[in-house]
Every structure is written in structure tokens, then in C-alpha cells.
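Notes follow once the structure below has been shown.
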Amino acid sequence: MRWLGPQQATTPLVQHILLALLASGALLYLLHRFLGPRGRRALIVVVTFLFGLFFGLEYFLPVRTKTLWPTGLPNTGGSAGNLLTPGIEPMSNILAVIGAFTVGLGVYSLVQVHGRNVLRRRPGWHNSLAFFISFLAMFGFGLWQYSLHLPEPLPPTLTPLQAFANNGYEFLFRGLYAPLQAATFSLLAFYIASAAYRAFRIRTTDAGLMMAAAFVVMLGQVPIGAWLTRGLPNEGVIALLRLENLGDWVMRWLNSPAQRGIALGVAIGALAMSLRVWLSLERGTFFAEQK
Amino acid sequence: MTGTEIAILWAAAIATLGVYSILYRENPVSRLLEHIFVGLAAGYLLVTTWTQNLQAKWWAPMVDSGRWYWVFAPVIGLLFYFIYSRRLAWLARLAMGIYFGQAAGVYFREFFPLYSPQIWASFKPLRPIFDAAAPPVSVSLAWWSVVIQNWLFVAVLLTVMSYFIFSVPHEGKAGRALGKSALMGRWFLMIAFGAMFGNTVMARISLFIGRVQFLLQDWLGHYVHWLAQRGM
Amino acid sequence: MADLSANSARPEIGASAPGFWSRLQQIPRYYIYLLLAMVVIWQILFPIFLPITPSATTRGLEEAIRTVPEGKLVLISADWDSSTQAETGPQTAAVIEACLRHHKPFVLMTLAPPMGAKLAHNIASEIAKRYHARYGVDWANWGYKYGTSNVLMAMVKDVPKMVGSDFYGQPVKSLPIMKGVRTVKDIGLVVEVTGLAGMTEMWIGLIQGPQGVPFSAAYTAVMAPGYYPYLDSGQIEGMLVGAKGAAEMEVLIARPGRGMAIMSAQSWAHVLIMLFIIVGNLGYLLARGRERRG
């Protein structure tokens, strides 16, 4: 990765970049200064509509109609496309890059909250300090280790600094980050066991049906269920009474259509919601006009 | 095992046991570990965003290949940060508008490839069609698989979908028929939720078993060979 | 934050004159936790192995891998992190083993979360050593690619450009395994291993459906029920369900691993959960009956 040095500071690249930044800043200033609330909303509506239109229209416009649309377009892998097809790949790449800059939003929020705790010495501020230490440690060691581009397997001729960088990163990742996350989520096993004993009460037909299905599936998914019904034949309709087959049958013939019914309903709802968002008909925190 | 590997093993074990201490009651150790976890996660997110994406897809084209126009990417990306400013928040909404529009457009693209096969697959044959070239192994099985299973599939699907029709009251002849269908649909939904619960139990228990395997076979198993051999 | 202290139980019934069943329902939750831990530890230390029969869904995935056309890749999308590692780790290992057993070159990729790229890489490196599989020739890791649906749309027409650099930061075009891989149609099978809902819909909606690239998946047990409709419609060719799916795949490829090791403990833990539900409900009914009579 090339860094810009003092000699390069006045190269055309840097000049172009600086000019572009100045132009962007000027444009944003002018937009902010001269567009009123209605103008701003109109701009947001137009931008939302155009981006939705581009991605949607590219899918729906016909392809392979040689009289109307040319083949051999760039960025199409040599296959036929419509006029918008060459734009999909670069646009997707650009949006992926732009989106990557938003990761700082969450980090900024965390730094703000924990920073206040540390600066004002609120109760538990040492935990917030631990947050900063672990954050900077992972960030520092992560970038350092990556910059070394160490091959795998590691060569025996690593310098002490290289070894320190690699070991530090591995310690933070495999020694702390991964096990902490795994252990935190594994607590759910205890909570579900506790809930099974204390909270699940079969008071209605619905609850009874739910528990019956749960029992069948729980036993059918594990070897002990197959072992319990090992005496039943493996062929014919009776084979369905073997717990592993019964569990699979419940999943395919009762669960599957029910899930499909839910999914189709959700799909139509999501389609309607997408339409509303695309046409900026939605109201709410992110869609409200600036007051 | 090297010294680093042993340190990693012990750190992982202490972290795991420290998190489990919350099962007794909330305590300073578990709270500290929570904060450390959040810090590590935030740091790792930044590292991977740079190393796995921005460096190759943005910095290299801009600086190494001289494509200066890539500078507009952070300009637009950084507009999101204006959400913290009351006066300039509209600029953040402008950037969000790009992604809301894109998400809607992408959903329009995804909808038909995703759901039309679902609809086609719901039209199951409701009577067995015997092909003379490939007769069924057993006529009773064929009847079972088609008449019982396919009919059941379609009935479950339709009754479940009828349950979600909330705009028609369950009164009058048609309404009561819909009400009965919706009741059946609710029962089938309960069966589906029971299946989901059974799977959820399996998933959660697996997570805990994974941690116990680590503690017994990897951590303690490093010192007691017998433990490392368990279950394998 | 939820109150996890021992005395937070609120007795529902029988508080004034608790009988045995009422008292049984009010036992501190530590005993429940302890019982679960004891059962799991018992089975890890003294496993009772029972036969595992691969299900049709697992066979479907194994067949999908086995029938990948010559010259095409298997793309394993490792969209998981250590929160689901107990399930998705063995699943990823089983899928990689199946690929190497059937001599199918594979590439790893992660759309979300970022951790998946390294975790899957560690697993693949370990297994590749056993099969003497060479990085860059028999397998590769494209790394974490931010952008989910944007990544998928970009890879349709130009895979190397979308990928850019691999997990190590080297240009992916320089890898021998990428020779002949231009568009997404040069991928013979996509196997998504994930604990995140929503990823499959993107793969099917943007890649499997429009481009006709075969798709299979390995899910955590929690999310698997929601994807049976896709199995029914043929959009998903085979599926691993949780650790059980990993165990079944290990049986199919005759390579015991962590998946099979989990299943004995899993069996007895399920029996314990069922006992909890039965005893809890029995106690509830009997205590309620006693209260009504009293």
C-alpha cells in the first residue's frame, strides 16, 4: 500500500483529490444554504427514487432483444444485457465502499458513551477504560499484524517484533474475542432450561399442540429418538412412526407449509413497505422533514 | 504447544468461566468481560473494514491507480455522520435515501426469483398420477404420499394464510367458515412453532456443549490426556 | 438488566401453604443450571454413542457437492461468528471435508459478520493440512466482503473484480484456483453456512434464482425450520440442520468430528429438557388441584 510522501503532495493526483474535496464541500454548502426544507425533502425523494429505479429497472427491462439492446456491453461478462446492466457492477462496488465508511457510526457512539464515563469518573468507569484498552489493542494489533502480510504457515525466521504482533493479535482474537462471544451466547442454554421448567405451562389446546410437536422434533433430531423406536420397520407407512422419520415428516409436511404461509404474507407486506419507502410515502424518524 | 498457545488457552478458559459467573449473579468480573468484549468487537470491525474492503477497493484504486474520483466515496459515506448534528441532519438523510432506495430496488429484483418458485411448488398434485413407464413401488405408498401428504400440505398452507386475514369479521356464514379455517390455521401454526421451539432447544444446548467441549477437551485436556480423548 | 439473583422467583400458586409440588416449582434456578451442566459434562466424559442416520436433507447437500461439475468451484459462504460456532464450526468443517474428499476446489467468503472469515480460515487451514491441499490451488479464502447484496450483485458479471484481494491481501487474480472464474456461473455450487437470517433470501433472490447457480445451506437449528419451504421448492438443494446436520455429514463422509461428539450430550440434554417440561407441568397441575381441594 502506497502512502503519500512529501514529494507526492503536489502531484496531479493530490491536486485532483483536493479540488474534488473543495468542490464537494462547496456543493454541500450551497445545497444547505439555498435549499429550504421543501427543497431538501424533494432532493431526498428524488435520490431515493432514482437509486431504487436503477436497481429495479435493470432487472425488469428486457434483455437478449438484439434489435433493441446491444450485446457485448462492458461489465456484462460478454452476455446480453440492457442499457443499465453495465452500471450494476460498478454501482454495487461503489455503494459497498460508501457503506463501509458508516462502520464508524457505531464506534463513535460507543466512544462517546464510554468516554463520558471515563472523563466524569462515573461508577464503573474502570469498565469503560477496559473498553478503550481492548478497542485500541485490537485495532492496533489487527492493523499491525495485517500490514506484515505474514505467510501461512508462519516461517521460523520471524523477527521478535513480527512475532509479537502476530501473537498479540492471535491472543486477542482466539483468546478473548471468540471465546467471550461464544460463552455469552451459550448462556441461552441455561435460560431455555430454566424457562422449560418454570414458564412453559400447557394450559390450552394450542400450547398442547405446540409442546407435542416440540417433543417429537426434539426426540427426532437426536440419536436417542431413533434408538427408542429402533424396533419399528424401516420401510412402509409404519416407518413414519420411527421418531427420526416422524420428526422429519413434521418438519416437511406441517412446519414447511405453515412457514411458507407466514413467508408469503411477510413477502407481500415487505413488498408494500418497499414500495412506500421507494416512493418516500413513509413517515417516521428517518423520513420526517427537518423542523 | 508454544507459550502463546497456552496463554490463549488459559485466556479463553478464564473468559468462558468469567462469563458463566453471571449465572450465579451479576458481578464485577462478568461486567468487565462484557466491556472488554464490546471493545474487541468494535476494534475488530474497524480492522476488517479497512483490511478486507477499503484498502483494496478504495485506497488502492485511488492512490495506486490514480483514480482520484474515488474521493467522492468517503464524502458521501461521511454524510451519514451528520446525523449527530441537528442543523445538518438532512444531509445524513440524503445519504440514507440512497440506501433506502437501493434496498427497495433490490427487493423488487429479489421478490420474483425468491417467491414465485414458492408459489409454483405449492400447487402439488392432488391425485396420484401413475406413469406406466415407472410404476410406483407400492400403490398404497403412492396414495399416502399424494392424497394424505399433498392434501395436508395444501390444507395447512391455505388455513395458515386464512388465519392472517384480519380484515374480514368471523360473522355470517362465510365469516364463520373463515373463522373455522383460521382456527385450524392457528393450530397448524402452533405445531410449526413447536417444531421451531424443538430446534431452538437443540441450538441453544449445542452452544453450551461446544463450550464444555472446549473447557474439558481443549483446556483441561491439554494437561490430562484422557480428557482430550473423550468423545472422539 | 434482568434480575438473576436466586430469590427472584415469584411463586404463582400454593404460596400460603406450599405442598411438595408447589415447593418443587419454586426451587432456585441454580439447581436447574447445575443439572443441565452435570448431564452435559457426564456425556462429554462418558459418552453413550448411538447410531446416527443421515437424513434426506443432509444427503441432498452431500450429493450436491459430489455432483459439482468438473472445473467449477464450490463457494462456501461462512456467514457466522463465534456466537454460533458450536454448530456452524462443525458444519463448515464437514462441508470442507466433503469438498476435499470429492476433490472439489473450494473458496471461502464471508458477507457478514467479519469474524467468519478468520474462523472459517482457521478451520480450513487445519483440514487442508490433513489432505495436503494447497492454498491458492485447491482452496482459497476471499475474506470478508462488506456490502451483502451489493457484493452479490457485483459478483454476477465479474467475480475477480468484486473480490479484489483475498484474505491475505494478495490480488485474487494471481491465485491459480481463480483461473477460468470470471462470472458467477463459473461457480458450481454455493454452500451458505450461517446463523444469520436474511442472507439466504439474498443468495436465492440475486444468485440462485436469476443466475441458476445451485445453492445449498447449513443453518443453525434455530433458523432451519424457516427454510424448509425453500427445500420443498427446490431452491435449496440440501441442508444441514445444526450440529446434528454436521454429525450426519461426518457419518456420510466417514470422518468423525466435533459434530458427532456433540450428539451424545445433545440427546441426554434434550431428554432432560423434556423432563423439565413434564415435571414442571405435572407439578403445576397437582399443585393447582391441591389448592382447589384445599
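We call the chains A, B and C, going by the order they appear; numbering starts again at 1 in every chain.
Just so it is clear, a residue touches a chain if its C-beta (ideal position, glycine included) is under 8 Å from a C-beta of that chain, and two chains touch if they have at least 3 such contacts.
It should be emphasised that the depicted structure is a prediction, and the values quoted were computed from it without experimental measurement.
Trainee: Taking each chain's centre as the mean of its C-alpha atoms, which one lies nearest the mean of all protein C-alpha atoms here?
Mentor: Going by the distance between chain centres and the overall C-alpha centre, it is B.
Trainee: Busiest chain-chain interface by contact pairs, anyone?
Mentor: Result: the chain pair A-B has the most contacts.
Trainee: Starting from the mean Cα coordinates of subunit A and subunit B, work out the distance between those two points in Å.
Mentor: Comparing mean C-alpha positions, subunit B is 10 Å from subunit A.
Trainee: Using mean CA coordinates as chain centres, what's the subunit A-subunit C distance in Å?
Mentor: So the centroids are 17 Å from each other.
Trainee: Subunit B to subunit C: how many Å between their CA centres?
Mentor: 10
Trainee: Where in subunit C do residues touch two or more of the other chains?
Mentor: In subunit C, 33, 36, 83-86, 115, 145-147, 149-150, 153, 169, 210, 221, 225-226, 229, 232, 241-242, 244, 264, 266, 269-270, 273 touch at least two other chains.
Trainee: Can you list the residues of subunit A that touch 2 or more other chains?
Mentor: 55, 59, 93, 95-96, 99-100, 146, 173-174, 177-179, 181-182, 184-186, 189-190, 192, 196, 211, 215, 218, 221-222, 251, 255-257, 259-260, 263
Trainee: Could you tell me which residues belong to subunit B and also touch two or more other chains?
Mentor: 22-23, 44-45, 48-49, 51, 53, 55, 57, 102-103, 106, 109, 111, 114, 118, 192, 195-196, 199-202, 204-205, 207-208, 210-211
Trainee: Which bits of subunit B are touching subunit C when the two form their complex?
Mentor: By the definition above, subunit B touches subunit C via 22-26, 44-45, 48-49, 51-53, 55-57, 102-103, 106, 109-114, 117-118, 120-121, 192, 195-196, 199-213, 216-217, 227, 230-232.
Trainee: Which bits of subunit B are touching subunit A when the two form their complex?
Mentor: These residues of subunit B touch subunit A: 4, 7-13, 15-16, 19-20, 22-23, 31-51, 53-55, 57-60, 62-64, 66, 68-81, 83-84, 88-91, 93-109, 111, 114-115, 118-119, 122, 138, 140-141, 144, 149, 152-154, 156-158, 160-161, 163-164, 185-202, 204-205, 207-208, 210-211, 214.
Trainee: So in the complex, which bits of subunit A are touching subunit C?
Mentor: 55, 59, 75-77, 79, 85, 88-89, 92-93, 95-96, 99-100, 146, 149, 151-152, 173-174, 177-179, 181-182, 184-186, 189-190, 192-194, 196-198, 200-202, 211, 215, 218-219, 221-227, 244, 248, 251-252, 255-257, 259-260, 263
Trainee: Using the touch rule from the top, collect the residues of subunit C that touch subunit B in their complex.
Mentor: 1, 4-6, 30, 33, 36-37, 40-41, 44-47, 83-87, 89, 114-115, 117, 143-147, 149-150, 153, 164-165, 167, 169, 201-202, 204-206, 208-210, 220-222, 224-226, 229-230, 232-235, 241-244, 256, 258, 261-262, 264-266, 269-270, 273
Trainee: Note which residues of subunit C are touching subunit A in the complex, please.
Mentor: 9, 25, 29, 32-33, 35-36, 50-53, 55-57, 81-86, 115, 118-119, 122, 125, 135, 145-147, 149-151, 153-154, 156-158, 161-162, 168-170, 182-183, 210, 221, 225-226, 228-229, 231-232, 241-242, 244, 263-264, 266-274, 276-277, 279-281, 284
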